[in-house]
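What follows are several structures.
Shared chain: chain A. Partners: chain B in the first complex, chain C in the second.
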Partner chain A sequence: MLVLPSAILLFAFVLYPSGVAIYTSMTNLSLTGPAALNPRFIGFDNYTKLFSDHTFWRSLVITFWFVLFSAIIGQLVLGLLSAILLKRQFALRPFFNAIILMPNAVPGVVAALMWSSMLASGEYGTLNKIVAWFGVDPQRWLVTFPLSMIIVVNIWRGIGFAMILMNSGLSAISEELYEAARMDGATTWQAFRKITLPLLVPTIFLYLLVSTVTTIAIFALIYALTRGGPAGATEIVGIYIYNQSFGSYQLGYGSAIAVVLLIFSLIIGTFYVRALKVEV
Partner chain B sequence: MKTKLMVSAIALASFGATNVWADTVRIAEHRQARIDALNAVVPMIEEQTGIDIEVIEYPGPDKEYISKLLTELRAGTGPDVFSLPSSGEIVDFSTAGYLVDVTAEVKGSDAWDNMFPIARELAETDGVIYTMPTMLAMQQFYFRNDVLTEAGVSTDQPADWDALINRAIEAKEKTGEYSLLMPMGVTWGGGTYIESFRLLLANSSTPELVTENGTFNLTSDGVREVFEFYQKMIEAEVVPVDPLLGPDPWVIPKYEMFPAGELLMTTCGSWCYIFDWGPESKNPIPDIENAVGTWKVPNVNGDAPSVLVNLNHPWMVSSSAVDIEASKKVLAAMGSIELMTSYAQKSGNLPSRADAIESDGFQQLTALVPLLDQLEDGRSVATAPGFSTVMEGIGRGSEALLLGNADAAGAQQILVDYVSNILGEDMVE
Partner chain C sequence: MGTIVLNQVRKSFGGHEVIKGADIRIEDGQFAVFVGPSGCGKSTLLRMIAGLEDISGGEFLLDGKVMNDVSPEQRNIAMVFQSYALYPHMTVAENIGFSLDLKKTPKAEIKRRVGEIAERLQLTPYLNRKPSALSGGQRQRVAIGRAIIKEPSVILFDEPLSNLDAALRVQMRAELQELHRSTGATIIYVTHDQVEAMTLADQIVVLKDGQVMQTNDPIGLYKEPENTFVAQFIGSPKMNLFPAKVESVAGDVVRIRTDAGWPIDLPAIEGLRAGPVQLGIRPESLTLAAPHEPAEIETRTVLSERLGMETYISFETGGEPGIARVPGDHSLPSGTPIRLAVDPSACHIFDNDGRAIRSQSA
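Entry: the complex of A and B
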């Protein structure tokens, strides 16, 4: 009885929608046209089509690079550095703390609109005004370097969360360990490599689990900035699902992509959960 | 006691579920100018029909508007009465079962007998009517008469497509400004087809996309000619490419560059004289009737030019409307002269009723009155189920051209591949 409320919520908001998505992925359901009125059961046709759809594979590759550089490398490294930096006492500490955490308080669409103005082409774009001081011609940031730009924006958005998590991990490491290391003549780098990093591993894996899955599912930030363009250059798989379901109105096909993405996320999640049991 | 409470709750819930909106017809509208136009005539419609009306605001951009509408219609929770941006989308909605057949109500209304023939033609498909046409969008080329004249560039009607592109090149050479804009790319949404591709296609060697058996002829000479024209525009650098690749591609060229004289020719509709650059604009062009002129769309081979006409936001009744009869009654009342005049004043489109142009309200719109003479030359391009996918494919093909990722043949292939992938190869000729 104690788990019944949780079980009901889990069924209503996770299992039932997943079941509907799996069933829909086996139909030709569309939002418009005759297939909206009379959808047909088509078995695994959508999956067969999916595996030969080069746009889908391209979107998976884009998603991989996006997650790797923004969540796994960018946010993690900068989040960890920020946490280490802000652990020390210095005059502007609260100021830096606020700067790093502020992007988390801004809604995704608002952040995207802000960056849209920052990265605008032509002489009116804020970034172009900045680089003009150094004699650089105006750039088409979201056209020439679209994926790099959304990676930068997403790193900016996510450092705060990484920092908070890393900070909690660092706080759990006893100062006595560092003191003992110092007495044994360990350098700062050796202390970081032999004490901080190994003891942070569970926190790092927890962060990677959360950030990987949430970054794969990012939508609003990219949709508002580039709509997945230009020419699909930033069409991560979440945007591809939206474009198939609400741009081309193919709900059945969009559901098939969503189901495949669910499977990928489960595999990644399982990998991280197993890794979390690592002995330090 | 518990049983009584439960029975009461269920009764209340079922009462609420069925009757909460029964005396109110909910009309979906989007964009402030259109909302203002509708709100101005709501009291009159309520008085005429005895039905309360609630105007519900929807997202502004057409793509987001249609997505929200479709999601709600699919769930059976949509508005009772709504409109679609153009005639092109109607067939995809009617075949999905979202629309109510309103043939009797529309044909029985005062509006029908007074409508321009092209409005009646566009509203009726195989003898069935799903929409009350209220406004017509007439599209052609608009140019900065003042800037071109000052630069010594001819403002005569271009004879064919070559003359048009040469005029654009000459204008750029003499003024240094971008000279020709046609909506292209994915982010312009349906406008890439409706305000651009369609205009050229209707005046190409093969002016139709839909074959007799309902498939799409995307490998036609006409489609290739349109993409080739786009390619020439891009290669000649007469079109401002950067803004077309942004998330709101119309804002900079239409609302900033053209009023500033930094863009000299563009496709547009009658609304541009009122909404984009006229009295309802935030950035109006002074003395617009003299500063901005119009050309019909030239034919690729130099045949007679034409303007493109389609229904603009025709109204329809949802098949999941709470009270279909009340909604039909409201729809019939929406064919009034007052509603058409209100929308003409706020958004700049043309009334579909010939008798509406005699009204004082419309006669004050001096920029629009002369355009009515061109309605007789108006043309349209037929659509078929699946057309939304074709429009998206045209956006993708033209975006590849903008990015330099494909030439005209490559862009046409992108269109063919996209539509074949989504609708199946048997839907593409």
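Entry: the complex of A and C
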């Protein structure tokens, strides 16, 4: 009885929409043409098509690099570093804290607009003005280095969250352990490697679980910056789904991609949860 | 070698001085105990010796060498923390061998030495367990193992038994003494428990508010406290202090009269002049007098605590109740008139500032 409310919520907001998506993925539902009115059940045709769809595989690879470099490497490493540096008391600490945390509070589209002006081509782009001091010619950042740029923007956005989580992980490690390690002759680096890192593993996995799944699903930030372009260079899966569903009007096919993505996320999530060895 | 000397050592935390010029000398191989009430600065003093806390003023010398600015791992000093501070993600073996591992000692050598230590501390069956799967006493032993594997010349203990139950404490006290014998290391042991201090120490340093009140061996502290703080801190129940006056000094005898009106004759003490003093009498130096026997104190009971083999009798003094610790079981309801005899040779005289007045010969 006690689980009834959560069962209803689960059904209304997770199971039912998933069911609809899975059903839709087995139809040729479209936004225009005859299939818009009378979608036909076509079984696994969308999925077989997906397997030979090079654009889909390319978008998966792009998503992989995007998640790896922005969430797993960039945000995690910089978030951990910030958490460690900002543990000490110093005069400008609240200032740095605010700078790191703020991007997190900004909505994705707003962040994208800020970065559009930052990365704008021509000599009036903010970044171009900055590099001009070093004698570098104006660049078309989002055209020349599109994937690197959206990775940078996403790192900027996510450090704060990583820092908060790492901070809570760090503060759970007793100061006495570090003192004991000092008495045992550990250098700062040894203490980090042999005490901090191992004790932070559960926190790191928790972070990876959350950030991998949310980063795979990122849409607004990139869509507003590049729309997946130029020439699909930043078309991560979320953008590809949108482009297929609402650009090419193939809702059935878009749903099939979404279902595959959901399965990927579930597999990755299960892997992390197993690694965490916690009950979820 | 581990001779420790503190010269006028001071420590301030942000302008607040918590150690106010400590002079302490601990000989090589001694078992020294720092004892004092909670918050008096024992841990701070220990942590300065360990190198975990900077020394704000004065000098700390180890075997004649100034150690103020030497980093902790180069002092050849080990420390056992109050909450043990075992590394939770490492096994018992890894905990004990951690310092060797950091020094890149060959694996085989680490294994051998950890094995020896574990054997000595009866930890062999637990070598592959994590600390969370150990009892309090076993964790304590792991912490000790982690300290002694470094073969330090000095081992510091910060209230190591405070997390253990009473029976285990008695057992660990015996093990610590055995450890002291077998390692020959200088030990500095911090506690707020005077019984622990008395039973373990070669030398006790009594601290109060960041100052050394007295340093002596346990029996010396008990017999010749230099001030009322030490007098009342060492011994249980604590020493009675009666406000009194020196009435007369006649030849070899001093007559003291307490404010409650009891006359007490003591052997003469050099430098004692007529005037107000505090008379200190330990509860165990008072005995119940039979009706025909002489007795200095005539009063009534306030309360008696019967322990079977002995009885603690609280009695009226006009101020704070006094206490007598007498052998045997006595049923004395509150208000019973009693007579107590004083052992004059066991009395202590303190001036009004609480300093002991004592003959040099005594």
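FYI, the second predicted complex is superposed on the first by the 277 of 280 C-alpha atoms of A that agree within 3 Å, B and C clash if a C-alpha of one lies under 4 Å from a C-alpha of the other, contacts with A are read in each partner's own complex, and residues count from 1 in each chain.
Operating definition for what follows: contacts are C-beta pairs under 8 Å (C-beta built on N, C-alpha and C of every residue); 3 or more make two chains touch, one makes a residue touch a chain.
These numbers come from a predicted model, not from an experiment.
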{"item": "Dominant toucher of chain A (residue count), chain B or chain C", "value": "B"}
{"item": "Partner chain(s) touched by A:5 [first = chain B, second = chain C, both, neither]", "value": "neither"}
{"item": "First, second, both or neither for A:142, with chain B first and chain C second", "value": "first"}
{"item": "Contacts of A:246 with chain B and chain C, given as first, second, both or neither", "value": "first"}
{"item": "Touched partner set for A:227, first chain B, second chain C, both or neither", "value": "first"}
{"item": "First (chain B), second (chain C), both or neither touched by A:53", "value": "first"}
{"item": "Interface residues, chain A side, partner chain C - complex", "value": "174, 176-177, 179-186, 190, 194-195, 198-199"}
{"item": "Touching residues on chain B, where the partner in the complex is chain A", "value": "63, 67, 70-71, 74, 89, 92-93, 95-98, 185-187, 242-243, 245-247, 385-386, 388-389, 392, 396, 399-400, 402-403, 405, 421-422"}
{"item": "Touching residues (chain side chain C, partner chain A) in the complex", "value": "50-52, 72-73, 77-79, 81, 83, 85-89, 98-99, 102-103, 146, 150"}
{"item": "Sites on chain A touched by chain B in the complex", "value": "30-34, 36-37, 49, 53, 55, 116, 120-122, 140, 142-143, 224-227, 229-231, 246-250, 253"}
